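Below are two complexes that have chain A in common, paired first with chain B and then with chain C.
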Partner chain A sequence: MDFSFIVVQLISGLTMATFLFLIASGLTLIFGVGKVFNFAHGSFFMIGAYVGYQFSSVWGQNFWLSLLCGGLFAGLLGMVAEFFFLRRIYGRADEGGFQILLTYSFILILDDLVKLVWGTEYKSLAKPPALSGAISMGGIVVPTYNVAVIAIGLAVVVAAWWLLNNTRGGRIARASALDREMLSVLGVNVPMTMTLVFGIATALAGMTGVLAAPLRSVTPGAGIEVIIDSLIVVVLGGLGNFWGAWLAALLIGEVNSFAIVLVPKWATLFSYLVMALTLIFKPEGLFAPRKVRRV
Partner chain B sequence: MPSKPKTANTWYLLIFLVLFSLVPVLKTTNYQMLLAAHVLVWGLFAVSFNMLFGVTGMLSFGQALYYGMGAYGAGLCVKYLGQAWFFPGMALGIVLAAVTAWLLGHLIIRVSGVFFTMLTLAFGQLGWQVMFKWYSFTGGDDGVQNIIPPGLFSNKVIYYYLVLALVGASIWFLGRLSASPMGLILRCVRQNPERVRFLGRRVRRNQQRIYIISSLFTALAGGLMSGVDYSIHTDMFYWTTSGHVILMSILGGIGQFFGPLVGAAVIVTIEDVVGAFTEYWSLIIGTVMLVMVLGLPRGLMGEISQLWTRLPGRQQALTTREEGN
Partner chain C sequence: MASIRRIASLCLLLLLTGMLTSALAQEKVIKIGALYPMTGRSGIYGMDSVAAAEMAAEEINAKGGAAGYKIQFINTDSKAKPDYSVTVAKRYISDDKVNFLFGVVSSAVGLALTEVSKQEKKIFIGTDHAATELTVQNLQPYYFRVSNNTFQSMAAGALYLKELAQTKPWKTIAYIGPDYAYGHAQIEELKFNLDRFGVKYQMVGEFWPKLFESDYTSYITSIMQAKPDILVSGFWGGDTVAFIKQAAPYGLFEKSLYFHPDAGGNYELLSAMGDSLPLGLVLSARHHNNWPDTAMNKDYVSKFHKKTGRYPTYAAEGAYVGVYAIAEAVKKVGNPDDTEALVKALEGLKFQQPEDPEGFTSYIDPASHQIVQVQAIGVTVPNTAFPPATRMLGQWKIYKAEDLLPPKEWAAKNKP
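The block that comes next holds the complex of A and B.
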């Protein structure tokens, strides 16, 4: 195993980590602000990828326009789902279970709608021409697109973090995570905030779908694969821990990208293994501060 | 469910057993008996799932793992050791499922709510991945065919009655369990875990127990299914199988002991009728789930019993019922 091989695998692991983190951060955002677990988050990723495919490969549009439209469409769909369906079960007894079941029904419906519209075959999306080459650094050849994805991911993370901490909208989102009632007393439309947060998070998932599409084929049923991986990330990072999720995404991305070369057949099992070990030795998450455990 | 007298549940079970024991006598085709056997097995699966979700409030999205273990225990033993090993294999699968549930329970019952659900899903998918990729041992997605129960039980009618007897006995046992003091504690765990601790009972130990018991009966359902269909397939481990059983329970009514059984009967029937016309089955399932969760969260049986209690002259029963809940 030589040096350039390690670097190439590192980069591919980082790329995967970026995708995982972009999805997991949306999941964390919705969960943090509204105590809603969006089981269908991966399906918005899938919808984004299909809309991107439609714009880019079928209608021959620019990749970046497709990226934007994929994100917009997924975000709008997410807002519709929150506004018309999820909102109806807030505050019901056993809400957590019903949230999962309702979002599970979204997975089933979206999966089949995608099959109805685009069929079951694998679809592919071309990389943008400007980024389809490779960068050579001291004899190590790295695909430009992967580097661009990592950069975009980093930019999105920093921007999201800044927005959450330094803008009025971000303050409202953080406040509604802490105390919804007080926030509504202060005159903020809390339900609308939740719809918007849901829209932003699903738009992020949709854009991730388009970004990931050139590297992995677009298929129906991608939603569930993606949600399980990003769920592992959320669990590893410590529930609702923004930077913990980022580190966990890095860990899972790298573990996956090395395992896929070293033991291709059993590669997919490694992320589960990491999760199981974490649950045994540090159930509150790898990067969470130690808390007093409840009985 | 707790307010319903125990005897009523026993009567329902008896009526149910009599109805299903008539199927081999009244059937016109073998296919009808196969459908009835499917209802029985899925019914057991759904009732044991509901001991977790409806009774204890633990939404597991990974019960397919145990269902598959029961089925593959029987199926792989027949494949490698011969037909006579069908029942020992089924027993082995059930024991393995119980041990796995004990081990996994230690890991995943530490977290609650949605994260419990998601961890059961993740470990369920882990099981599916292993079975799917271990082609040389499990046959991968080709599955195993020709799993015929040995001796007398190779006769479909006799095997049907065996399934009926085992499913009936298991459901009777689970019904007794649900009405027992332990069942009451489990309901308390769902409604208010804090108070269970005040009562000096352990929340996690009770959750662990019911997780093992539910998984054990789920594995029994899986083992029985391998003899009904004569084949096993990795789809039995897939997360959609867990989703299927959740839908049955929700449709029938998670607050009613017999709800999941009714849900299983309805879904197996719809699947049989609609499956012939459309490939977009999950669109239909999804829509049914959406409607049930938003509009009829009590499920079919729950709504019926609600109507029943609202009849004139039964207002008294209604009030005591709501106090009971």
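The block that comes next holds the complex of A and C.
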């Protein structure tokens, strides 16, 4: 294995990690702030992809505009789902079970909705022409689009860091993760915060759906397929831990990427192995602060 | 009060359905109970199969049916789940009194249903599902398959590679396919056939992403490092789309010949990818919308298009042919109830199909109950006759049906 190949494989892992993170970040954000596990998160990813397809391939709009619209639509739909449905089950005994059932029903409904509107054939979305080539440097070839995806992923990380640390909204979101009751006593509209966070997270999923569409097949059922890998990332990072999700995505991406080279026959096993070991030895997540354990 | 009314209306409903079924029972019918998936990733194959089977039934019924019997085709969403499909199949037999079990896309469902068919002595006409063992080690008297199995595709593939070596010498092969039975069977069968036809090759890598993997980047860069002359692929459906989209900007298709003889040439792929499908890929499928260039095939494709507004994926032709196989067998026997006589009629049944080229007629091999068909492998070329696809297959290479059946050594190697 020569050096340039290692670099190529590292970049491949990074591409995978970026998509994993972009989906998992919303999932973990919703869990962190509202203790809701949104099983249907992948379906908002799928809806985004289809709306992007509609704008870009059917109506011939600019790719970036389609990306924006896909995100916006998924975000609005997310807010509707939270406001009219999820909100009704907060605080029930056994809320967890209801969350899974309710969000699972969203998956089925959204899958069928997509089938009604767009049919079951595979849909395709073209890359923006400027990004369709590849960058080649010293024997290393990387598609321009993959570089753009990695850059967008990094931009989201930086933007999220800035928003969460330096804005009032970010501080409210973090506070709501720690103590919802106290926050509402201080005069913050906590339910509204939750709806907004849900909207932001699902919008992110929708945008990721459009971003991934030129590399994947847009198909009903895509939602349930991406949720498993994202779930691994969320659990590894520590449920609700935004930065943990980022590190976990990087870990899974790279482990997978090198497993494919070194043990191709068992490559798919490794991400699950990492998760199983984590659940046994550090169930609060690889990157969660230690204190949780001592409670 | 309300509950009494509810009970009364329920009774009325039951009465009505009872009258309806008895009214139907007076007409002479051949009941076909199908189990195609209508949801999930394979939903498109199910929808196309049902549309094509209904088309065949309408055609046959319009001509007065088979031996005076009208065809009645019913489908239940199999959800591609074996255990669920078994329950439905048993209900078909006990309650609906079907004459034939029919269909299925997934080989896992096929393997489960062939057991029901064997126990209940009910003929099962298999379409689309391709696991070779159904007509080799798991063969039972009441199972017949009217679309080709992976062995036939791979035998044709091996012959293609053999010819290729004469014009464009190649040495190394890598394989990528989904990590489950279908993916593994294809490469095993290709290797067996390459050996059988005396083709020398060196395997430089086997890659096993999971089914429905969404990100192939790391696989692609790994394959490029292995530098195979030929990249054999065993994907189906959206996985092929995702793989090709992700691999194209890396220049993989300029460095290795992409070779995908079982499901690569399915129309869904051609239509989904449009201009982004690279030229020069070597693909095939179980039916092609533009080959053979016969009146029957053209007629079939255009009728399907008229009925559904889209061109068919290959699954559709299997279902279409399956209904005709039943009609032909019933015509021979004179009724759809004498199962043993129908089995005899189906064994060796020979009838013209849309995918038969001029001068050849497909037939069911009496020994293996497997349809024997000509295989065509093509190369992606520009062609806008079947929109939204802008590439179709061309530069066809044709392989004789008799060369593609599993030989005795294969059956011996794969005993039950």
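For the reader, a short list of remarks on this structure follows.
Convention: the second predicted complex is superposed on the first by the 268 of 295 C-alpha atoms of A that agree within 3 Å, B and C clash if a C-alpha of one lies under 4 Å from a C-alpha of the other, contacts with A are read in each partner's own complex, and residues count from 1 in each chain.
Methods note: a residue touches a chain if its C-beta (ideal position, glycine included) is under 8 Å from a C-beta of that chain, and two chains touch if they have at least 3 such contacts.
Keep in mind the model is a prediction, meaning the values are calculated, not measured.
Once the two complexes are overlaid through chain A, chain B and chain C clash, as defined at the top of the document.
With both structures placed on the common chain, the touch criterion links A:L279 to chain B but leaves chain C unconnected. In the superposed model, A:L163 lies in contact with neither chain B nor chain C.
In the superposition on chain A, A:I100 contacts chain B only, with no contact to chain C. When the two structures are aligned on the shared chain, A:V117 is found in touch with neither chain B nor chain C. Touch criterion not met for A:M192: it reaches neither chain B nor chain C. Touch criterion not met for A:A130: it reaches neither chain B nor chain C. Of the two partner chains placed by superposition, only chain C is touched by A:P214; chain B is not. In the superposition on chain A, A:T15 makes contact with chain C only, while chain B stays out of contact range.
In the superposed model, A:L65 lies in contact with neither chain B nor chain C.
Stretch 110-118 is the one among 2-10, 20-28, 110-118 or 290-298 where chain C clashes with chain B after the superposition on chain A.
Across the superposed pair, chain B and chain C both touch chain A at residues 111, 115, 265, 268. Those residues of chain B that touch chain A in the shared complex are 53, 57, 59, 61, 107-108, 110-111, 113-115, 117-119, 121-123, 125-126, 129-130, 133, 190, 197, 202-204, 239, 243, 246, 250, 280, 282-283, 285-287, 289-290, 293-294, 297. Looking at the complex, you find that chain A touches chain B at residues 31, 37, 85, 88-89, 92, 94, 96-102, 104-109, 111-113, 115-116, 224, 228, 231-232, 235, 239, 265-266, 268-269, 272, 275-276, 279-280, 283, 293, 295. Contacts from chain C toward chain A in the complex involve residues 39-41, 43-44, 47, 179, 205-210, 212-215, 217-222, 224-225, 237-239, 241-242, 245-246, 249-251, 268-269, 271-274, 276, 310.
Within the complex formed with chain C, the chain A residues making contact are 1, 5, 8-9, 11-13, 15-16, 19, 111, 115, 120-124, 126, 132-134, 141, 143-146, 212, 214-217, 219-222, 225-226, 229, 256-257, 260-261, 264-265, 267-268.
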